[in-house]
Each structure stands twice: as structure tokens, then as C-alpha cells.
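In the two assemblies presented below, subunit A is common to both, partnered first by subunit B and then by subunit C.
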Partner chain A sequence: MNYLDFFATLLPETTLVLTALAVLLVDAAGLRELKTAHRILGASLVSLLGCALSVAFVCMGHGSSYLLDGILINDPLTRLIKVAILIPGMFTCLLTPGSRLRAHPGEYFCILLLAMTGLLLLVSSENLLVIFLSLELASMCLYILAAFNTTDARSIEAGLKYFLFGGISAAFTLFGFSLIYGLTGSIDLRPIAGALGQSTDPLLMVAVVMVIAGFGFKIAAVPFHLWAPDVYEAAPLSSAAFIASGSKVASFYVLARVVITGLGGTTGVPGSQWMTLLAILAGSSMVLGNLAALTQTSVRRLLAFSAVANAGYMLIGVLAPGSGGLPALAYYLILYSITAIGAFGVVALVEARAGHDRLDAFSGLCRNSPVTAFCLMVFLLSLAGIPPLGGFFAKFYLFAAALRASPGDPLILSLVVLAIASSAVSLYYYLRVLKEVYVRPVAGAEPAPIPDLPVIGLFILAIAVILLGSFPQWLVHAVESAQAASSF
Partner chain B sequence: MQDILFYVFAGLVLICGFLVVANPFSRSPVTSAMFLVLTIISLAGLFVLLHAFFLAAVQILVYAGAVMVLFLFVIMLLDLKVEDRRRLKVFSIVTGLGASGAILFMFMRHLLHAPLVGQSATLSEGATIPLGHLLFENYLLPFEVVSVLLLVAMVGVVLLSKKELK
Partner chain C sequence: MAAWSIYISFIGAGLIAMLPRNRAHLAPWLALLSAFAGFAFALTGAFDPNPGSFHILARHSWIDAMGATYLLGIDGISLTLILLTGLAAICGILFSWNIRERAPEFFALYLALIGSVYGVFLSFDLLLFFVFYELAIVPKYFLIAIYGSTRREYGAMKLALYSFVGSAMVLVGLLAAYAISGGETFDLVKLAQHPFPREFQMWAFPLVFTGFAILAGLWPFHTWAPTGHVAAPTGASMLLAGVIMKLGAYGCLRVAITLFPRGLEPWGFSVIGFGSWQDVFGFLAVTGIVSGAMVALVQRDFKFVIGYSSVSHMGFVLLGLVTLSTIGMRGAILQMFSHGVIAGLLFGVVGRMVYDRTHTRDLDLLSGFRLNQALPFACAIFCLAGFASMGMPGFSGFVAELQVLSGAWHSFPLLTLVSGVGIVIGVAYTLRAMQKAFFTTPPPTPVTQGTHHEMDGAPITLPEKIGAVILITTSLVVGLYPGILLRWIDEGLASPLFDLLRQGGLS
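Up next, the complex of A and B:
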């Protein structure tokens, strides 16, 4: 093995780990005496620098390499997904100064950067051991981030819920992986696919159920979504934003990789029911997520249920046979993470002003700050799938790709019909928020103005959503050529 | 002989593991910890049967020795009381037994019907040198990930359990 290749491939991750240590050191040594707000700002800038360096290293990578039988993979699609994880990460760093952290900014950013490291490693491996370890690394960081405000009982409760659910689902994943190892004698996905062949072993079914239960937790698909509303609502805002965006991208990508590369050979074999299983998860997520979102009064909880519903749509991309749905899934993931982080950004601004995130905090927003209101409108309508915004094209592309990859498959067809119907339902609750913003007068006294600087960041994101929806061929071309050049 | 020893150790692991979490005779945390020690020692026996002598020794030294002493220290420092006997709910017993029965059924069906496809992994003698080669060549990345994971656990524990000074 060539250690130099290995190190060169791992450069983005190494940068993040070193930055994480540097943030701890800078905060402990240099910023200790300053006010908390300044400490957060300083630590945030150092982390941003690290993320930017890491993005640069990812972009500098070229070609495809497949080190140590798939323990470490570096190909164009993986690099694209890595950027899609790092960019929400950077915006999370930007959001943190407004998230009402009370203390320990150094540790917060350290853990956030290590969570990103875990997610980057998660998407760059085809080895079950590395997948499990990096999944644990990322989850462990996210538990801590969710419970970070130790003076706030609700934040602790959110962290504890997340941790208990996560611990059990990790145990399921590990049990499933060990069964797969027992069946095939390998922990690398490609040899596993080879050894499984067209097997319809009942034990494989048990293994698949366990693995999907574990990943279902990470992507918050019904019935493993119970943690999501509480964590989105009570965790510190930037933690919730990162859980909703970066972590989602990585978990979906690795689920697709495990299912398509590892179990792809058993697609369509009678008796191998994992597709039905994922289809049930997808269908129930869409229906339950959208219906539950209708009654929410807290915007963060509303976003949580909208995330559950979106997980349902994205599972259709995983279900499309072969890797036909993959470019569309990648496009959807990128768009979704940008939109989610943007929506959380607006919630952060409103929450900083009103002190809560209930619907009435948003009333009259368009009169105080038209630009913020416009950004929120773009993000929410994009989530609902209104043209010409990115979310519309993402849905269109995903459904079209799934239908094209499996012509006449009743399962996919019925899922797509269900998805279209339920996204029509979803328009109602997004519009409820927008009604508060645009129609209702300001409730009570005139609230404090919204600071300009964060609005600029949100505006950039909103423009990106509009441009990616109006000129989708840029990203579609990038995603498709990346997939063509990759082994996935 | 090896087979008999395997069944003895595997049986011990299962029985002691069960007694750690659900001991019908005692609800004292110290008893649970002691059964955990027994579980770990029986696991070490299984490692010896797999020729992984180094792992077996480390298992006993680190887990049965150092970690368990810490466990006992914490239990005694916290002065945990003997837990009340919980009433078992019929629902949880039925679902638990149902799920484990179903998994057992699948296992038995597999073992009885399908031939074992997994070829036995190349048996490497469990000395330190081959282990080191594995850890620092093929499995270097997982090894490093574990080290980062431990760092996160350390920072997290200090952070979450620290009292806020006002």
C-alpha cells in the first residue's frame, strides 16, 4: 500500500480534523478572555477557513481511485457529494453566532468539524467496517451538538432522545452488518454483491431489515422518524440545521451505496423483498410526514415533518433499479440541503428577534425585512416544488428518472403518483407560513430590525435555488458526467 | 475437544450476558458488573479458540481488569441502591419473545437448508505482528477513525457532564 496516495486522498478529512484541534486550541489559548459573542465569532471564522480549505482540497482531487479494496474511494461523484456536505457545514458555521449558544464555542465548532469529518468518510467508503465507524463518529458528534445547551432542559431532552434512538438503531445496523458478513464472508460491498449473487436467503432478509432500520433512523423515514420533530425543535438552531442538511445528504448517499452496490444483484429477484420494504418506508414517510406537518404550529417542527416527507420522495431515487436514479438523487440531495439550511437560516433570524419559532413570530415579516421574507418564500416554495425554483426541477428529475429506469413497474409508478399527490398537500402548510409572512399584520409591538449581514448569505442561497431551478442543466450535467466517471 | 470448549464458552457468554441485564435473583448493580466480568472472560476463551491469543490477553487485561475496576468504582462511589423489581409487561414479553423467536427461526432455517457460502477466513495466528500489520496496513483508516471517535467521546463527556460555573 502506498501511504502517500492514502494521505493525499484523505487530505480534506485531515484538514477538518486539524482545524477541529486548532479551534479548540485557539479558543482555549487566545479567546478565553473575550466576550462569548466574540469568542463564537472567532471560532466560527477559524472553522470556516478550515471548511473552505477542505472544499479546495476536495475540488483539487481528480480521477478515480479505489484504495484497499474499497476502504477508501475517491471519484467524481463522491467529491461532488463531499462538497454538498461541506457547503451546508460552512453555512452552519455562519449560523452559529445567532444560535444562542451560552458557552464553550471552541468545543462546539470542534465537534461540528469532527461531525463533518465523519460524514465525509461515510460517503467515501465501500467497506462495512468504515461505514459503521464513520456513521458512529458522525452520530456521536450530532448527539453532542443536539444536547449542547446544557442549561436548557429541552435541548438535553432532544439530545437524549436522539442518543437513545440512535444507539438502538446503531445496534441494529451492526447486527445486520454482522449477518451480512456471516452470509458472505466479506465486509467489502463488491465481494458481498458477488457472493450474494441472486440469493434469496431468508437470513439475508433479516439482515436487510436490520440495516434498513438503522439507516431509516438516520434519514428520518417513518416509522423511525420519532426523534426528528423533537430534535429539530429543541436542539440549538445551528445543530438542527446541520442535522437537517449535511447529515441527511451523507446518510442518503451511503444508504444508496449499500443498497445499490451491495444488494443490487438481488433487485427484482422474486423473494428478495428489500425493494418492497423501502417502498413501504417511502410511502408512509410521504403520507405521514405531510399530514403531520399540516397541524404544526412550530415552524421548526413543520420543517422536521417536511424533512420526513422529503425523505420519502428521495427513497424513490434509491428504489429506481440499477443506478438509474442516482444522478437525480444526487441533484435532489444537493438542492434539498441548500434549501433546508436556508430555511433554517431564516428561522434563526426570526427566532433571534421573537424568542420563539411559532407561526405568529413570522407575522408581518415582509414589512420589516422584505429580503428575508423573499428568501423564505423561495425556500418554502422550492420545498413545495413550485417552478421555476430548484425544488420543482429536483422532484421532476427524480420522478422522471425513476419512471424511465423502470418502465411499467407498478411499485415505482404508484409511489410516484403518491409523491405527486402528497406534494400537492404539502403546499398547504408551506403557504400557511407564507400567509403569516405576507398577509398578517405585525403582531404586538414593532419588533427589532433584522441585521443585514446574515441576510446577504441567505440571499445568495435563495439566488442559487432560483438559478439551479431555472438553468438545471449546469448541475444536471455535472452530476451525470460525475456519475459516468465513477464506479458507483 | 475444541468443539466442546466452544460450546462451553459460548453457553457461558450467553448465560452471563443474560444475567447482566436480567438477573432474576438479584437487582444489585454490583452483581451485574460481576457477571459482566464473567462474560468478558468467557469471550476471551472464545478468542483463544480462534488462535487470537493476543486479543484474548488484551481482553482480560483491559476489559476484565482496568475497565471493570473503573465500573465498580463508579458504582460504589455513586452508591447505587438495589433497583426495585420492575413488573414485566405482558406486551413487552410477547413482542420480545416473538421477535427473538422469529430471528431464531430464520437462523435455524438458514443453517439447516442452505450450505454455508462463506469460506472460512484465512486463519492468521493471533500474534502481535500479524495483528499490527493488519491494523496499520489494511485497516489503517478504521483504526484512525476509532481514534477520532474516542476524541469526540472524551470532549463530549467533559462538556456535557461539566457543571456550569456561574
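Up next, the complex of A and C:
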């Protein structure tokens, strides 16, 4: 093994870590005397630069390398997913100036960048130990980000809730990993798959349940979703936005990797019912997520339950036999993270002027900021799955790929039917928000105008959602050829 | 060229949406211009060397990985319906001329809706078809929720959800059909030749048919129609009744019946007299005809009368489609056209000419206005449209319903008799509404409140007159000389798309 390869592969992560230190340094040395708003802006620009550099390094990578028996992987699909984590990360940096942070901007961005580093490492490994360590690195940072508004009791509560649930689920994951190690004598996914193929040990079931419970927490699947609404609602907005987008992408990807590469060979083994287990998680997430979202009045909570429902849809991609659903899952993840960060961006703008995120804060938005209203419409209708927006095609592609990979499989077919049926319900709550935006008059006094600069960023995202939905060929080709060239 | 009717509508919508505020008064003119251009482009389809037969308008690669292409085509059935869309669009804009509040948005949404309707009628790729079909949901929600009247938010939401649930059912069927056919293509022409297994067709057919038929007002899923029509502003309710309900019926024919014809075969056993899905949907269609008519008979709200009459008339379309006889199906397609024209006109008269001036639609209160003297033009047009709607020979409805009934006679003799009752009730509710609204003299002692309503004295405006005359003339021309449309429709039905249906015994 060549150490130069190792460093070249880790260049994006290294950049992020160095930027994290640089932000601390710049903030402590150069910006301390300025007003908080300016400090946040300065720190956000530095972090943005670091992320951009990191994206550039990711894009410069080429070929497939599989270092140290899968401790570090660098292949086209992983690189694509890394970009899909970094881009929401960049928008998170942009959102932070509007998130009403009171103090410590340097620390905030430092931790955000470290969280991104953890997520990048998480998606580029097939080694259970590295997966667990990077998962913990990312999670610890995210707990802090959720509780960052120390003056706001609700933010602390959200952070604590996230931390407690997260800590327990990390314990589950680790327990599951240790059982798998005990059963197979390996911590690398490929040897594990080989060893599990002959195993008939009932302990395998316990291990699978533990692992899935642990990841179920990260992706906010029912019944491990209880933290999501509170964190989405009360955490600082940019933290919530990142948890909803970048963190979701990474967790899903690594879940798919562990399940498909590690457990995929065990489909026929008695005692290994992971498909049924994931199917139950998927089905209950879709139904419960969509039903609970119907009654929400806080738009952030609504987005949280919509995220739960979306996790349910995405699990179908994990369940499709072999890696047939994987390109579609990658497409879905990319689109979902763009859409979620965009929706949070609009919520940020509205919240900044109304002071809260209840439905009536949105009333009459189309009169005083038609472009923001249009962006919100694109994001929400994309989440609802209305063509020709990206969200529609993502769903369509995912379901079609899953069905195509397993024609006549009653499990997949019934999940797809359930997903489509429950997404029909979802239109109701998205339209409730849009009704406030377009139909209702402005509530109360004329609110302050919305600044132009963030709206431009959101508009770009909205256009991306429209284009990726109307002309999906480019991205579909990218994910399919990336998967073909990858070791997955 | 006909494909440009889609593009021109969306271009018009985009231009109107970007009109600066001080130019808002140009919106209706621009909309009218785009609608005319759309109609003109649609009309070019009629001057092709062989107008009724299937040919391709555009084929571009779209999503290679999934086998979806951007495939637009036209045949006699599409041609008939895009002409209807063009007419309805023009007249709807003429009847919306008085919209002032947020006018540019109204016309932009309106044209976006028209554009997606054209798109549905011209798509011959299932994915593209579905994209346009769902695209139509959003503008109609906003048109009703923003500009509507009675319980508009409720009516709009109900319509949007019913449509979305319907299209979810369709989506399941499409995805399953795609996966079972090998996951290679969405091309309707190719899929129509794919022999899907009979067991699959047996569940896919009712699923997809019902999904589309929800939008066509199939009983008992029709309840969105009256509330939606009543809540909608005049132009939008003209479109809803005129073309949106046809989208559903068109989907039933183009997708459900074309792809899954064996789903209509007998089950081999019978449950309370039903031996096949054909019987079930025939029964539901006739129930819609009769119950729609009976409910229309007891409405107080003038617009609800027309709303329920739409359900009743759309029952004929569905009945004609499931007869599986050429004459029944051509009758159904002709009825789509005919009902689009007549119902559009009736909604125009009630919503714009009467309601905008009297501010009430209560039939009892309307008698206080002596509308036959106050609005003689509206009265005359309503009478003509009412007679057309009842099935008076000479108007298009007569030819269409006659063919549906003669087609149905072979398949379901008993049900045909029952739907005859529906026609009789149709005469009754139309005459009742006509008499109450226009020809009742108020009681000599006007003590009850409401009989003193002031009319907005405005006489019927020119745009309204033009729109009304276009629609009634169309109905009359098609009624007197149905051959112009039937020629195309017959060729459309003879196309290879229906090969499997013919093998299955289409007579």
C-alpha cells in the first residue's frame, strides 16, 4: 500500500479539518472585536471556501481505489455521495448568518466542518470499526450543533433529546457490530458477507436487529424517529437543515452499504430476516410520517415528519435485491438533500422576519416576495412528488428500479403500493403550507422585506430541482455509470 | 405542428407571469392570443394529409436509462380532444374577461393548465403522459383556491386530493406494467402490443381504470365534481367540466382499455350478477347517469344543477367506453367533445352571465330578477344550451348519446333501459332550472328578503357573447354534421393501438 494514495484519498477530509482549525484561528485572532453578525459572516465565508476546496478535491479524484482491505474506499459512487454531502454543507454555511446564533461563531463552524469530515469518512469505508468511529465523530458534532443556542431552553432540550436517543442507538450499533464480529471473526464487510453466507446462528438475528435499530435512529425511521420533530423544530435552523440533508445522505448511504454488502449474502439464510425487518420499518415510516405531518402547524415539524416519510420511501431502494436499487437511491438522496436544504432555507428567511415558523408566518408570502414563494412551491411540490420536479422523478425512478429488480416480488410490490398510497396523502399537508403562501392574505402588519442575496441562492436550488426533474438523464447517467465503476 | 399548441400555452403562461405590474391589463389579451395560437396549432392537425390516422409529431430521447422518450403523437381521438381544448380555452378566457384581482396570475395558471391538457392528449409515452396528467393538478388547485367562490378552499383541496389519489392508482398500474413488460420502454404503441398476463390485467385494469375515472366523475368517486365546479371561478369551471373531466375519460381509453383489454373479460364466476369488470363499470356508469340526474333535480343552487348534470353526462362517456363496441366507443368520444362544449357553455351562462350580475345562484331568489327580461341574451343561450344538454336532435349531445346507447344495447340491455330513465330526468332538471331561473314571475307581494336584489345593470358584454356563440355553434355544427369528427374518431379507433382489443372481441 502506498501512503501517497492514502493522503491523496483523504485530501477532501484533510482540507475540511484544516479549515475547521483555520476558522477557529481566524475567528479568535482576527474577528473577535467585530459585531457577532460580522463574525458569523466572516467565519461562514472561510468555511464556505474550505468546503468548496474540498468539493474540488473530491471532483479531482478518479478511478477506484480500495485501500487497506476496505478501510478507505475511493470510487465514483462514493465521490458522488461526498459531493451530495458537501453541497448541503455549503448551503448550511450560507444559512447560518440567518440562524440567530448569539455567540461563538468560530466554534459553530469548526464543529460543523468536523461533522462533515465525519460524514465523509463514514461513506468511504467498509470497515465496521471505521464506520462506527466516524459515525460517532459526526454524531457528537451534530449533538453540539443541535444544542448550540445555549440561551434557548428548547434548543438545549432538542440537543439533549438527540444526544440521549443517539447515545443509546450508538450502543445498539456497537453491540450489533460486536456480535457480527463474534459470528464471523472479521470487521470488514466483504469477509463478513462470505462468513455469514453459511451461518445459521440465531444470534445473527439479534445482531441484525441491533444494527438496524442503530441506523434506524440516524435515518429517523419509525419507531426510532422520536427525536426528529423536536430537533428539527428547536435546533438552530442551520443545524436542523444540515441534520435533515447532509447527515441523512451519509447515514442512508452507509446503511445501504452495510446491508447490501455485509448482509446481502444472507437473504436465504434462516434466522436472517433483515428484509422483513427493514420492510416493516419502511412501511411504518411512510404511514406514520405522512399521517403525523397532517396535523402539524409548525412548518419545521412538518418537514421533520415529511423526512420520516421520505426515509420510508428510500428504504425501498435499500431493499431492492442486490444493488439494483442503488443508483436510484443515490439519485433520490441527492435530490432529497437539495430539496430539504432549500425548504429549510425558505423557512429560515420567513422565520427571520416573523420570529416563528407556524403556518401563519407564511401567509401572503407571494405578495411581498414572489420569488421566495415560487422557490417554496417548487421545493414542497417536489417533496410531494409532482412532476416535472426532481422529487417526482426520484420517486418514480426508485420505485421503477425496485420493481424492475424484483418483478413479482410481493414484498417490494406491496411496499411500492403503500408508498404511492401514502404519498397521495402527503399532498394535503404540503398544499396547506402553499395555501397560506398563495391564497391567504398577509396576516397582521406588512412584514419586513426579504433580503435579496439569500433568495438568489434558493432560486438556483429551485431551478436545479426543476431541471433535474425535467431532464434527469444527466444525473441518472452519472449515478448509473458511477455505480457500474464502483465496488459496491 | 400540433405539438406547438403545448409549447405556445406554456410560453404564454410564462410571459404573463412575468408581466410587470403596470402592464397587468395586457394579461387577458396575451392569454387570448396564446389560446388562439394554441387552437390554430391544434387545427393544423386537421389539415394533415391523413388526419385521423396515428402519426408521430415529435420523438426525442429523454431518459435513456429507463426507456422513456419524449414522444408526441396524434390520432383521430387526440385530434378531436385537442380541438375541444382549444375551443374551451378561448371561450374560458372570454368568459374570464372581467377578472381584475391578481389577473396575470389567473391567466398564467389558466394557460399552464391548458398546456398540460394539450400535453396529455398528445403524449404517446406513458411517463410523459403521466407527467402532463399530474402537472394539471397544481394550477387547478390554485385557480379554485384563489379565485373561487363558495367554499373555495375546501373544493380546491378536495379536487386536488381526489385527482392525486386517482393518479397514485394510475402510477401503481403503470409501474407494474413497466416492470412486467421487462422495464425496457414506456412507448404506448409498443406496450399496447405487449401481451400482459391475464391475471395481471385482471387487477391492473380496474386499478388504472378507476384511477382515471375518478377524474371523469365515476360514481361513487364523483363528489369532487359538484363541489369543485361550484367553487371554481367561471373560466376554471368551464375548463373543469369542459376538458379536465375528459382527461380522465381519455386516460381510461388510452391507457386502461388499450393496455389491459383482457381485464374486461369475464371472470368465470359471478357475484350478485356481475360477471366481469365490464359489468361492474357499466353498472357504476349507469348509476352515475341516473343518480347525477336525480340529485340535479333537487338542487337549489343553480351551479350545483349543472355540476351534477356533468356527472350524469360523463356517465354516458364511461358507459360508452366499457361497451367495447366500436359504435359505443365512438359515441363516448363524441360525447366527450359534446359535453365539453355544452357544459362549458352552461357554466359560462350560470357563473358569468347570471351570477356575476345577480350575486346569487339560489334558484328561488333568481326568480325575483325576471331574468328573461333583464338578460334576454343569457336566457336565449341558456335555453339553447339546455336543449342541447337534454339531447335535442340537431345538437351534438343527441348524436353522441344515441350512439352510446345503441352500443350499450348489445352489452347491457337492462342497464340501457335504466339510463333511458336518466335521460328523461335530464329533461326534467334542465327544464326545472330553466323555468325557475328565467321564467318565473315573483309573487305579487314581494315581502321576502332577497327579491329586492339589485342587479349590476351591466348588459352582457361582447366577449361573453362571442364565447357563447362559438360554443353553441360548435354544438350545432357537430350535431347536424357529426361526420367531421366521426371520420377522425373512426380512424383513431381503427389504429393498431387497439389491435389487442380487437382480438379480444371489439365489435
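We take it that the second predicted complex is superposed on the first by the 481 of 488 C-alpha atoms of A that agree within 3 Å, B and C clash if a C-alpha of one lies under 4 Å from a C-alpha of the other, contacts with A are read in each partner's own complex, and residues count from 1 in each chain.
Convention: a contact is a pair of C-beta atoms (placed from the backbone, for glycine too) under 8 Å apart; a residue touches a chain by one contact, two chains touch by 3 or more.
Model, not experiment: these values are computed from the prediction.
Aligning the two structures on subunit A places subunit B and subunit C next to each other without any clash. Of the two partner chains, subunit C is the only one touched by A:Y438; subunit B is not.
Applying the stated contact rule after C-alpha superposition, one finds that A:L413 touches subunit C and leaves subunit B untouched. Of the two partner chains, subunit C is the only one touched by A:L403; subunit B is not. Shared-chain residue A:L129: touches subunit B; no touch with subunit C. In the superposition on chain A, A:Q473 makes contact with subunit C only, while subunit B stays out of contact range. Judged by the touch definition given at the top, the superposed model places A:L381 against subunit C, while subunit B stays out of reach.
Considering which of subunit B and subunit C touches more of subunit A, the answer is B.
One geometric descriptor of the composite model is the angle centred on subunit A: between the Cα centres of subunit B and subunit C it reads 150 degrees, in steps of 10.
Nearest C-alpha atoms belonging to subunit B and subunit C sit 38 Å apart in the superposition, given in whole angstrom. Residue ranges on subunit A touching subunit C, taken from their complex, read 381, 386-388, 392, 396-397, 399-400, 403-404, 407-408, 413, 416-417, 420-421, 423-424, 427-428, 431, 435, 438-439, 471-473, 476-477, 480.
Across the complex, subunit B is touched by residues 1, 6, 10, 17, 24, 68, 71-72, 102-104, 107, 110-111, 114, 117-118, 121, 125, 127, 129-130, 133-134, 136-137, 140-141, 143-144, 147-148, 150-151, 159, 181-185, 195, 199, 201-203, 205-206 of subunit A. For subunit C in complex with subunit A, the touching residues are 61-66, 127, 130-131, 134-135, 137-138, 141-142, 145-146, 153, 157, 160-161, 164-165, 168, 171-172, 175-176, 178-180, 183.
Residues 103, 106-107, 109-110, 114, 117-121, 137-142, 145-146, 148-149, 151-153, 155-156, 159-160, 162, 164 of subunit B touch subunit A in their complex.
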